[in-house]
Amino acid sequence: MPDRNVNINEDVVAEPDVVIKTEGLQKNFGELRVLNEIDLEIRKSEVVCIIGPSGSGKSTLLRCIAFLEEYSEGRVFIEGKLLGYKVVHGTLVRESQSNINKVRRNVGMVFQQFNLWPHMTVLRNVTDALRVVKKMDRREAERIGLETLRKVGMEDKARYYPAQISGGQQQRAAIARALAMKPNVMLVDEPTSALDPELVGEVLQVIQDLASEGMTMAIVSHEMGFAANVADRVLFLDEGRIVEHGDPAQIFKNPQSQRLIQFLDTWKSREL
Amino acid sequence: MDFDMIARYAPLLLQGLWATIYITALASVIAIGLGLAVSLLNATPFRAMRWLCRIYIEAMRGTPILIILFIIYYGGPSIGFTFDAEPTGIIGLGIYGGGYFAEIFRAGFQSIPEGHIEAAQMLGIPKSRIITRIKIPQMLTLIIPPVTNQVILLLKESAVLSIITVAELTKNTTGMVAETFAVVEPYVIVALLYWAVVESISFLGRYLERKISYA
Amino acid sequence: MDFIRIITNHYDALLTGAMMTALISGISICLGMVLGLNLAFGLISKHWPIQRFCAGYRSLLRGTPMLVQLFIVFYLLPKIGLDVPSIVAAIIALTMNTTAFQAEIYRGGLLTIPPGQVEAARMLGIKTQTIRIRIIIPQLFRLVLPSLVNETIAILKNSSLISVIAVTELMRTGQQIVAVTFRPLEVYIIAAGIYLTMNISLAKLGSFAEGRLAIGTRS
């Protein structure tokens, strides 16, 4: 539970442009502090890439923003609204599931393990939320579903089951599933880490297209070249803190902190 | 809750509990022996033998214990088998359990990694030694959970012996109920007694597992 | 050995008994499925009191003999004002029993479903109850079908016990025929054969269903 004694400003964050904002975000696993004093802002149409070594807390950060994990201290705002908790007499109280869903409505997520539902076809994976959450009828949902699948190049696989398509195709289908709900921001958690190398490109291309269309995104990735191309800003996370941040040129060509320099070095030596 | 009544009948119930325990133990021994024998016979190259084993196993797994007991107890005399209720019960439970144990041993033998056996073969260890020094010891660790489970099952099924008048825990409880007209309490107490024994066996099983495993 | 004569003279009684057995078992299993699923979700609940209660129920029902459970239900119901026919008491007892066993089966299955699938559903805004019905349960049955078939067979065998509270299913029918023919060996062997037939058919049906359900999951 976030610190109850801190004076909570009850006002909604007023800047309309800020889609995601965290203040003093902290996550503890028992004694271990996984996230420490994370303050960040992501504005509309910005693409922010989060890089860092394993165990730096990158995925945890994204999952806390998504409220798939509860954070220990601090606050997360989605489109100006506090996520996960509400203010009651000056302290934070956990929100009900339906209110969490409301604030989180316009956030889409793409997972490292794709997480497609294996007993449904690709099309049904994409349309199920449209039918169940947005209460669309089947025809309308399928129309939007096929359109979205077309966008990611998966239209011809609509009637296939996840087990029958490749990893890259599954991930693209998963992206379509998130897109079909017309989110305002996409959280992308290591989209290609579980893929065979030759399948990585097709997924990165889809994400790049989304970025150039103006989708607000927070991407955790190991693909440095991709980050350099696509990101407006790069955050370097190490041991739970944002050690350095800036635009790709600064971060990759002109790293300032020792940790970042070391990190990029190990990366360069791997990229033989 | 009439504590006086419970105190008066405690000896009867404890006697029944003891009977249940030794009946289950004896039946388990019979069942394990039978099961082991059948699982080994089932692995022989003789098709007729394997067929017979299969029939036995499927018959035990597909028929209620009550019928098996009735066949032996009420039907036995017509072909010369006349036993008292208790030996019938023990033998019946043992034969019934044998089918299940045969399956447990079969699965146990099968789940030993083939690689271990191949390694032994490559080292020139003779087949009989492979069975005694590698297969059986490894299998023992693997099968402790299902064996414990099956013994617990036999314990619970032993209650059915009361129907052919064996004086175990459930029968004695029925006797107590007939005399006192307190219907629910005795069975509830007895249920808890069974439960306590079951939990003890589970606990023992987990302890054995830990002692024998190499982790 | 008058097997043939007994079967021809009494086959209608045997058939009725067998159908009664099948009916009572079937009802108990279906009720057990609904209750068992709920119990399974209770077993993995993060709400401590619920979890403890469900675990306690499961432990008691799995750790005590079916016969004793039957007696408790049979004698308890009139005491709390429910004067129901034996058959209802039998179904209640069998259902309570299978609920605990099925819950454990479902719980095992629930644990193997990757949590990421639930997370993806949550991020799309799907409600918990809907997630259970549309995403978890459809996968669950494919996973647990073999164990479920075993449990069905177990209930069918357990149903023979309800003969002691005077329900006329297959076992009791057998006893009645013995009273008329004085041929316990043959009659009970025939009854055993009928149980065996039912159970083997169930097992075969289960394998068939397993095969058909696996069609969508070629991996």
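For reference, chains read A, B and C in written order, and residue numbers begin at 1 within each chain.
Simple rule for what comes next: a residue touches a chain if its C-beta (ideal position, glycine included) is under 8 Å from a C-beta of that chain, and two chains touch if they have at least 3 such contacts.
Given the structure is predicted, the values throughout are model-derived calculations rather than measurements.
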Innermost chain, where centres are averages of C-alpha coordinates: C
Relative to chain A, chain with the most remote C-alpha centre: B
Distance between chain centroids, defined by C-alpha means - chain B, chain C (Å): 21
Where chain A and chain C are represented by their mean Cα positions, the distance between them in whole Å: 45
Chain centre separation (chain A, chain B; CA means) in Å: 55
Chain B - residues contacting chain C, complex: 58-59, 61-68, 70-71, 74-76, 78-79, 152, 155-160, 162-163, 170, 173-174, 177, 183-184, 187-188, 190-192, 194-195, 198-199
Interface residues, chain A side, partner chain C - complex: 66, 68, 97-98, 101, 104-105, 107-109, 111, 113, 115-119, 128-129, 132-133, 161, 163-164, 174, 177-178, 181
Complex interface listing, chain C residues touching chain B: 59-60, 63-69, 71-72, 75-76, 79, 153, 157-161, 163-164, 171, 174, 178, 183-186, 188-189, 191-192, 195-196, 199-200
List of chain C residues in touch with chain A within their complex: 114, 116-117, 119-128, 130, 134-135, 138-139, 142, 216-219
